[in-house]
Amino acid sequence: MIRIKTGIPGLDEILNGGVPKRNVVLLAGGPGTGKTIMGMQYLWAGISEYEEPGIYVALEEHPVQVRINMKQFGWDVKPFEEKGFFAIVDGFTAGIGEAAKREKYVVPAPDDVYSLVDTLRRAITDIGAERVVIDSVTTLYLTKPSIARGIVLQLKKVLSGMGCTSILVSQVSVTDRGFGGPGVEHAADGIIRLDLDEIKGQLQRSIIVWKMRGTAHSMRRHPFDITDDGIIIYPDKSIITE
Amino acid sequence: MIRIKTGIPGLDEILNGGVPKRNVVLLAGGPGTGKTIMGMQYLWAGISEYEEPGIYVALEEHPVQVRINMKQFGWDVKPFEEKGFFAIVDGFTAGIGEAAKREKYVVPAPDDVYSLVDTLRRAITDIGAERVVIDSVTTLYLTKPSIARGIVLQLKKVLSGMGCTSILVSQVSVTDRGFGGPGVEHAADGIIRLDLDEIKGQLQRSIIVWKMRGTAHSMRRHPFDITDDGIIIYPDKSIITE
Amino acid sequence: MIRIKTGIPGLDEILNGGVPKRNVVLLAGGPGTGKTIMGMQYLWAGISEYEEPGIYVALEEHPVQVRINMKQFGWDVKPFEEKGFFAIVDGFTAGIGEAAKREKYVVPAPDDVYSLVDTLRRAITDIGAERVVIDSVTTLYLTKPSIARGIVLQLKKVLSGMGCTSILVSQVSVTDRGFGGPGVEHAADGIIRLDLDEIKGQLQRSIIVWKMRGTAHSMRRHPFDITDDGIIIYPDKSIITE
Amino acid sequence: MIRIKTGIPGLDEILNGGVPKRNVVLLAGGPGTGKTIMGMQYLWAGISEYEEPGIYVALEEHPVQVRINMKQFGWDVKPFEEKGFFAIVDGFTAGIGEAAKREKYVVPAPDDVYSLVDTLRRAITDIGAERVVIDSVTTLYLTKPSIARGIVLQLKKVLSGMGCTSILVSQVSVTDRGFGGPGVEHAADGIIRLDLDEIKGQLQRSIIVWKMRGTAHSMRRHPFDITDDGIIIYPDKSIITE
Amino acid sequence: MIRIKTGIPGLDEILNGGVPKRNVVLLAGGPGTGKTIMGMQYLWAGISEYEEPGIYVALEEHPVQVRINMKQFGWDVKPFEEKGFFAIVDGFTAGIGEAAKREKYVVPAPDDVYSLVDTLRRAITDIGAERVVIDSVTTLYLTKPSIARGIVLQLKKVLSGMGCTSILVSQVSVTDRGFGGPGVEHAADGIIRLDLDEIKGQLQRSIIVWKMRGTAHSMRRHPFDITDDGIIIYPDKSIITE
Amino acid sequence: MIRIKTGIPGLDEILNGGVPKRNVVLLAGGPGTGKTIMGMQYLWAGISEYEEPGIYVALEEHPVQVRINMKQFGWDVKPFEEKGFFAIVDGFTAGIGEAAKREKYVVPAPDDVYSLVDTLRRAITDIGAERVVIDSVTTLYLTKPSIARGIVLQLKKVLSGMGCTSILVSQVSVTDRGFGGPGVEHAADGIIRLDLDEIKGQLQRSIIVWKMRGTAHSMRRHPFDITDDGIIIYPDKSIITE
């Protein structure tokens, strides 16, 4: 079995070497837990360390803002975009605005998952993407939870079928300990949960791998930090949040 | 009373010898608890050890992926399919795609339980199936919970009527301690629950047999592991998760 | 006041001698708690020990399966059916299937409570039934909870009016500590609850009589076992499940 | 201020002498808590001890059964009915059945609160009722909770306006610690709650007066028993159920 | 800033001198907590001690009953009504009944908030009201919670705009720790909560000021009693109810 | 990265120097927690200390009342309005009333978010606003939670796009520990929560920064006070509320 190295310090260790290739991983967590940063870091590691082209599907932010946010961690994707090694699929602007006109991959109707899948397919083919991050998949069914499972299955068919190893960011409310609903949780090949818990007046960050098809993995909850260089997970430390 | 040996290490012990023949067992659990692996292992034991032909009804995964997933545990079903000892009922593709064209048992309309039952009946008759796993039955009523009980009763009539001993995989959300709703829970002949609990920052796997018509069974919660060879249950160990 | 002996070891003791005649008792519990067995045992005691003809209304199982299930406990109802001392009202098949054609009391439209009541009345009159078990009454309003109370009142009028002492099996979900909803709970003359609780990794069975019109009763929770001969309640033992 | 003696042993003590005249008291509790018995006992005390004519509005039981149930406690209302001192308003049969034809006060359309109020008014005038028990008021809005407050206010206008001191039985589910919903709770002049709690495997009965307009009252929870002669409350004992 | 003295023993102390003029205060609590008494006492203090005319908007009770209830505490409002110093706005009868004909301020359509506001405006102008109590505001949106905020804002515009300092009684269910819903809670200038809690089998009354625009206030929970002369709050005592 | 100094004593310390420019910060809390005061203080600091023009969008209060409320803390915005340094966008009156006619920025249809955005854009351009407070954003979707995320994203595009650093006040119910729903929580760049908790009968105020894009921040919960001069946060103190 081929594994994809996430390149996130500590994460490959707790995944026993990386994410099994073609897996679709749900990255679930409340607001402020670091899901977006982890998704970006996963792509950056791919292009800068492993020569694996990657695509960030921006459904929550303007592509311009995505580039700015990545650069704040020192992840300058521009040169990689230029040489066809990285792409942002713009599922945010619907092509409206001056800046959007300079984007290469614009989803014409972000509310329509078929429209998204079409643009995504094209981008994957163009750059030969091996990594994809969709931020967030929740956006696609926020007001229609009954279609959540169908959308995740559809994305899984495309992503896995085209050979990509993917992260689907799943936004859950701060008071919800789940991963995004039964349909979504069971459809994913893997589930990683990021937590931000108030423990005796102190916020604590932690990560737990709940499932990962095709590999054993750490069964413990690990603390992590968000630094100026991105996320660092401590595979040798455990944390208790209950 | 005839018992069907599950062949899963430790499970027959806690079932006092196996599942009573013709029982329809609900195998309930949250994401990542090992339901699919247990279902596959049950079928593999049937064909490789007990000469009992089996059918896996794939509603969550492409049949090709099912074969790959089984093979990762060393369960190569291809030769058994060829000699008519094992079959996958494809309730996933609706016949769409190249790979689907090579499948023998394709449910034309996976959303329609009659369509599923028709294909399943044909497969059972063809190979003389004694074991059936439906993964998952939840898919059949995810967006229509009010029809859940009716669907389970319908499946039960067919499966039990044709002499099969069956496992219905029931997906519940990670935050739900139930088995899939009152209609489903009471309609099944047996209920086995797999759990994955975070206990002091550590994930723990456990199994409990909640009911099994026609036999006494262990009344304790047992720990289990998922290994490279499949599930191993420890019938002599107890575990407390509360 | 006349009392009907349940004949279930220990139960008459905790009911101070039996169920007051004509009472309609709600027998509530989650899956696997033994409700169906207790209902069958109550009828078997009636025909085999007290010369009180009885009727089992099968809404969850095929009548053929009911006979098989009873026989597993040594309760062979066939001879009693033949001499008009026991009857199964088939509210399961709607008359469909070969086996159903051999049934005497088939409810033509099991979804329609009037249709059920008609067939039930005829059966009660035919055999002079003094005991009736409806398994389960929940089925009659599973998808229409707002009509639950009306259905229970209607059944109560018929059953009590014709002199029967009855058990209505009420299925509740495993996570629900209630008895089947406010309308049903208050309409019944008596409420008995069967529980299956996981206490420190061990499943425990217990029974508690919550109300019984017309008689004092044990106010304690008692443990019970399901044996090869049916249920045995321990009236001298108490159990704490909280 | 005039007080109406309930005549229930212990209750007048904890009410500092009785219920203020014209008050409409909500008597709330789960199934099996003794609400109906307390209502009947209140009426019986009125006719047998205090020369205060009373009316029982039967919405849950056939009037014939009401008389039987009362007689089991030695409360034979027949002679009082004959001399126009007691009446049952039949809101159960809608006049259907032989027995109903012998009833004097039959509500033609029990589902229609206007129909009930008309019959009730007539009965109050006829016998000069000073006490009224409606068992249960919950029945009147079970499937239409949004009209609950309106119904209670309407009954209150009639009952209080005609000089009666009344008990409205409010059925709540066994798992509900409320009194019947916000609209009902606030509209009543008084609230008495009966509880049946399982404390360490033992059922315990207790009563607490939550509010009573026009009088101070015990602020403690008191244990009570249901005996062959009715309810006995222990005003000198306290009980803790939490 | 001008403060309005509530005149309720202890309350002005915990409000640092009284309610800032023109504030609209939500007085929230479950049944039996004393909200109505506190509202009446606030008005009585205004007319009998501070020469501030007041209006009681009766939405739950007949105006005649309101006068009786107030008189039980020695608060005889009749003479004040006669000299145009106190008024009851009748939002209860809709003008139906003999007694209603003698009322001066009758809301023709109590279900219509515009109708209420019109009558209220007229009464405020007539007597130059400085204090208004609406008992209860909950009634106005009980079955339409989505319009609650709009109604409270509308009342606030009128009341505050006409210079009144007002109490809006908010009825919450006994099991609800909130103040009446997010829309209402945030629209009010102040929130006072009255509680009745069962602590070890004993009912305890307490008051807490949750917010009061324009003034600091006690941040503690204080016990209070309901006496024959009305409410007495103990500003020097604290109470813990959790 | 440019930071905007909030000017609120203690807040810039726990934000490591201020809010990153262009961030849209959700300021969430229950009733009485001080959200409005903090929003006003943020704007006042901008105009009086940092020469950063600001806009207060009044959706809950009349603009006249907003000025009065600010002045109670010594924040007299009138002169700043006159020299075009501060503006109130009136989303409250819809232009109705005499006072409203004197307002410069009146939203003609406050229920329509497009109408609000138009007026807001105009005000931002006119005064060159660098700070915006919307009090509250909750009002915009109170009865239509499904559109909440869309509205927040729309506001974010305008506010961030025009260079403003903004606070969106989010009202949550007193019993809700969340921030305003999943759609809103994830769309904001930052989340600050204000709490008012009853701890052993004593109300305690505290603040916690849950997320802030573009900067590290205190991970602790800090106590704060509301004084006559506004909010003071204690960055060196921690508080535990659980």
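For clarity, chains are labelled A, B, C, D, E and F in written order, and residue numbers in each chain start from 1.
What we mean here is this: a residue touches a chain if its C-beta (ideal position, glycine included) is under 8 Å from a C-beta of that chain, and two chains touch if they have at least 3 such contacts.
Please read all numbers here as calculations on a predicted model, not as lab measurements.
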item: Steps needed, at minimum, to go from subunit B to subunit D via contacts; value: 2
item: Superposition of subunit A upon subunit B: rotation angle, C-alpha, nearest 5 degrees; value: 60
item: Cα-centroid distance, subunit A relative to subunit C, in whole angstrom; value: 53
item: Geometric centre distance via CA averages, subunit D-subunit A, whole Å; value: 62
item: Whole-Å gap between the CA centroids of subunit D and subunit E; value: 31
item: Residues of subunit E engaged with two or more neighbouring chains; value: 176
item: Chain contact topology (line, ring, star, complete or other); value: ring
item: Ring order of chains, beginning at subunit B and proceeding to subunit C; value: B, C, D, E, F, A
item: Touching residues on subunit A, where the partner in the complex is subunit F; value: 30-32, 60, 62, 69, 72, 136, 138-139, 142-143, 171-176, 196, 198, 200-204, 226
item: List of subunit F residues in touch with subunit A within their complex; value: 1, 146, 149, 157, 176-179, 181-183, 185-188, 191, 208, 210-211, 213-214, 216, 219-221, 238-242
